[in-house]
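Both complexes below contain chain A, partnered by chain B and then by chain C.
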Partner chain A sequence: MTTDIATIHVEPTPDELAEGRRLRRRKRLTNLAIDAFLIVVSLLMLLPLVFLVANAFKTPAEMLAWPPTIIPRDPTLENFSAVLGETPLLRWIGNSLAFAILSTLAIVATSAIAGYIFGKFRFGTLNVIFALFLATAIVPFEVYMIPLYFQAKSLGILNSVWGLLLGYLVMSFGIFLIRQNVIHSIPDELLEAARIDGAGEFWIFLHIVLPLLRGALGALAVLAFFQAWTAFAWPMIVATTRTSYTIEVGLALFQTGFTVDLGRLSAASATVLIPSILLFVILRRNFVQGVASTGLKE
Partner chain B sequence: MLKRKRFIFAILAILPTLAIFAYVRLYPIADTLRLSLFKWDILSKRKPFIGLANFRELMGDHLFLDALVNTTIIAFGVLFLTIPMALVIAALIFHRTRSRMAGFYETAVFIPHVVSLVPAAMAWKWIFDARLGPLNALLTFFGIPAQNWLFDPVLSVICIIVLCSWQALGYAVLIYIVGFKNLPVSLYEAAKLDGASGPQSFWHLSIPMLKPITLYVSVVTLVSGFNVYAQAFVLASDAQGAPGRQVRVLVLDMLENSFRNYRVGYAASEAVVLLVIVLVLTLIQFSMLRERSKA
Partner chain C sequence: MASVEIQNVRKAYGDFETIKGVSVDVPDGAFVVLVGPSGCGKSTLLRMIAGLEEITDGTIRIGGRVINDVEPKHRDIAMVFQNYALYPHMTIAENMGFSLRLAKKPKEEIASRVTDAARILGLTDYLQRYPKQLSGGQRQRVAMGRAIVRNPKVFLFDEPLSNLDAKLRVQMRAELKDIHARIRTTTVYVTHDQIEAMTMADRIVVMRDGVVEQVGAPLDLYDKPVNTFVASFIGSPSMNFLAARVAEDRKSVATENGIRLPLGIEAPAAPGTAVTYGIRPEHLAIASVGEGVPMTVTNIEPTGSETFVQGTVDGQKISAQLRERLFIRTGEVLNLALAPTNSHVFDAATGMRLG
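Presenting the complex of A and B:
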């Protein structure tokens, strides 16, 4: 066989070799240009945040300097201590954390159960309920948050984590995502085998279904966490006392004060930004998987 | 018998989620629709049914119309800025998928989408600041007169569009990259053999084949554009005693009517308008998709 191929093989002419070299060089240059462009785009996207963090460590005088410095010449923690003294920043972060964690737990639990039931139990009634879940998924939160506010009010849970949580207990997309995963990655035979062995339905869900859904639930958890962590309009109307603010609301209202200067604002913002960026970089794969699956709805 | 047992399990398991869902979704959505037909003020005891009077009043309400126009401009401004850029950036990142830098590009472009809104808006507020901001300093450096970015009626809307696009870009890029990964490689190889250059196959192959993704991303971007609120709130509120111009957007107008003027029914009718806009956009997406699959 090898000799056959050798006989067919035609030696490239010097011209052809030169052409190949030229093409390869052109391809390398194109790639280099693309890389350069993408690096510039990436840096421009990050620049506002980099400036914000840098400003947090600057003295008022350096803040006015032109061109703006990226690494403060004479870094100070003055802004941070001032902010921590003036505002219950840590309390706000705590509120946001509690809200985001509880919301994540609620969304993961409801989505796991509902997604599994909708994916594997084919009854007419359930299909109607699922259609209902899907149909309301396109209604933006802003449309129904005012009646929801009055519900929270009548429950007496305004200005508390529970009030915040009321708006973020379920996520239609989460149920849909888990249902897709159940259909694609859990074979019916597996469940039937367990049933024949005498396993109860609840045991099956807990010991067979949940472990198989770990990846999808992880992605959903990250999405749900960031959704609650960055919520704005709902916390703005539900949490209206200084001690119940989430970090987003606290910061937004803190910056309306007349005596606030940019250094302190930046310090407060940086305190919030840095942990969430770190968390995102760590959980990036989960997050990307979750967000990417939002695009595959149709 | 067995089937019946499974049915009972399914219903029992779904019941708590369904109850929560009905309470925090279905009921408030229905209530929004109901309230929009009533003269429902917090202060007055009588809350009579007034049919479509709220909607008729909206049509002549300058503040609402102002908000509707601003919000529409912002939503479409973000769309036209984001989609072409996202498509190009995603194509280039996809082209360099195998390079070591691909992860960095993806992360850098995506970070603005995940960071908290308010701190990010704060960063841009400083950039746009008329006296202290680097944008004006940069402009004067090139001999262009400094602008009053956050006060000028046109420029302040542009500022919001820039801020929203900066945040929306990462999501669109990510979805497009997924789209590129799902395109058949063989088609590109065939095009290459026929002598198509990279930009040519991008224009004649990728763009038409990614049309469903473009539709999806466009609708998501528009819908979130119509719900803009935090960005307008932060850019307008005052830091150092220098408030920006308040750009009226729908959600802001709605919240003001509800919580400042106590006109809940009227605010609900605004919410219904927002809902109708979103429904129309979604319907357009679905009908265009169906047309495509028929063709």
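Presenting the complex of A and C:
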């Protein structure tokens, strides 16, 4: 009974070794298959985008040629110069940027404050107000678009960024998202400890709550930005002069009832992609974290 | 430093009263432990001292000043929470200096006070880390450090050791006691663990259902519990209770089938009165053959240093904590000697102590 357990060593049989090799090979093959599948799917998803950018550099003749080319045979900047020269494209991008950024700031601010209060302050009436907030989410924008238009008109803010913002200052989903995050990730004791330590309510919000909500607010910012950036119906009715269009409305002008100017539309669309991609790249980490931590998908 | 006087304090949520008129005096520099089963109102009472819960009725004074309507930050108290409540986005040094920064103290003073506290708590090497990089015990120390740097009039602890494992809890218990011995700040400490209460307190307040059952020094509560609740709550394993009636000579009580249980004093009740006889497991010993009270053994638990034996006397459950190593099987009968001077008699109906 004095055998040292650590010294016992049993050589694996050839059969066992072969079995191990087989299992390892199968695992490697499975992984390879998954990789191949994902690559194919992502290529398919990228393809329309690649064609869009490619088309922007093609001549009208090449665009209609079959089979379509991915790299233009005879690249031209004609489309870009036409778009930039004949339409106030940069102005439209500027309008869209101003609209999206201001809307994002407003939504992040209102959601942070309202979400924190709904999440941490318990009065009976607050629940009723929160239910009302959520209820607004099920009313389609198109329903109150027209009354809102008259509101904007009587305020004299048609054809301006302020008019665009009118319907994009508060996002009920944003309030909900932040409220869930507050309940989930900020324990009451943290706020109580700060209160005992001598912090005021506003100070607590600014220095304790906001830093802890960074991930969720980042995700919300991306959502809010794209919501405004891709808005169409509201800008379409509020902005009626050529210089006050947003880029979405402007792009739509390349298509009339009878013709579609594909080259210019592609060039304009390619230009417009740049800011969206940039923003996503910058905020990508926040976005993934924030959405993953709430378990919500958009 | 200051005393804390709680007078006739009540707390009600609507019609539901959770604290039903509690009065407790915490002398300057004392370490008072509020203990009781969960839901007894001990945490609520602590939160009322801190100002995190409103006081429905009664008064609380800190250092002679009524603080009922004073904001938490103006009460000059520090509180340590069960889940530590460290700010996750601040370093340990920032966490500890947080209250001083809010009080707009000069930077050098904050740094020196944080360093001092860190030295007392053995946290000097961790000042630049974040809470999530620390272990549970270290986080608990940081929470304490945050309280110490403020040099408050009163420390409030809300089950600070409950999240730690058993070994660390014993160690932190000793550390806390040591820190209190050094800085002697008035302390109110809430726990559901009677061992923590016994080992740390100058004075224990036992609570149940929103009322104070008994206040006293740990050993006073242990030796002279006022009722069966305190008797069973304080001490582990808990006291044995046997239903009995006072015997004719009043020097003992007898169970239903006439088994005599000795008393240290003359029973302060008429012969035949129904009582609850109490005796702690460690006050039972093995009696000589033919003497003592016969126990039918149902379970034996040897721990090495002691042997815990559970069984029945006249059909009623009883457990004994014995020094000896026993070679006995379940189902056998063991004769127990009951130490008369360590016995307790309670009224069978009210559970209150007799004599």
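The rule is short, and it goes like this: the second predicted complex is superposed on the first by the 228 of 298 C-alpha atoms of A that agree within 3 Å, B and C clash if a C-alpha of one lies under 4 Å from a C-alpha of the other, contacts with A are read in each partner's own complex, and residues count from 1 in each chain.
We take it that a residue touches a chain if its C-beta (ideal position, glycine included) is under 8 Å from a C-beta of that chain, and two chains touch if they have at least 3 such contacts.
A quick note: this is a predicted structure, and the numbers were derived from the prediction, not measured.
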| item | value |
| --- | --- |
| Chain B versus chain C as contact partner of A:147, first or second or both or neither | first |
| A:252 touches, of chain B and chain C: first, second, both or neither? | first |
| Partner chain(s) touched by A:52 [first = chain B, second = chain C, both, neither] | first |
| Touched partner set for A:169, first chain B, second chain C, both or neither | first |
| Partner with the higher number of touched chain A residues, chain C or chain B | B |
| Touched partner set for A:15, first chain B, second chain C, both or neither | neither |
| Partner chain(s) touched by A:190 [first = chain B, second = chain C, both, neither] | second |
| Interface residues, chain B side, partner chain A - complex | 5-7, 9-11, 13-14, 16-18, 20-21, 23-29, 31-32, 35, 89, 92-93, 95-96, 99, 101, 104-112, 114-120, 122-124, 126-127, 129, 132, 134, 137, 141, 166, 169-171, 174-175, 178-179, 198, 212-213, 216-217, 223, 226-227, 229-230, 233-234, 237-241, 251, 254-255, 258-259, 264, 267-268, 271-272, 274-275, 278-279, 282, 289 |
| Complex interface listing, chain C residues touching chain A | 50-52, 71-73, 75, 77-79, 81-83, 85, 87-89, 98-99, 102-103, 146, 150 |
| Residues of chain A touching chain C in the complex | 187, 189-190, 192-199, 203, 208, 211-212 |
| Residue numbers on chain A that touch chain B, as the complex places them | 30-31, 34-35, 37-39, 41-43, 45-46, 48-49, 51-52, 55, 63-64, 66-68, 110, 113-114, 116-118, 121, 123, 125-126, 129, 132-133, 136, 138-148, 150-151, 166-167, 169-170, 172, 175, 201-202, 205, 226, 229-230, 232-233, 236-237, 247-248, 251-252, 255-256, 258, 260-262, 265-266, 268-270, 272-273, 276-277, 280-281, 284, 287-288, 291-292, 294-298 |
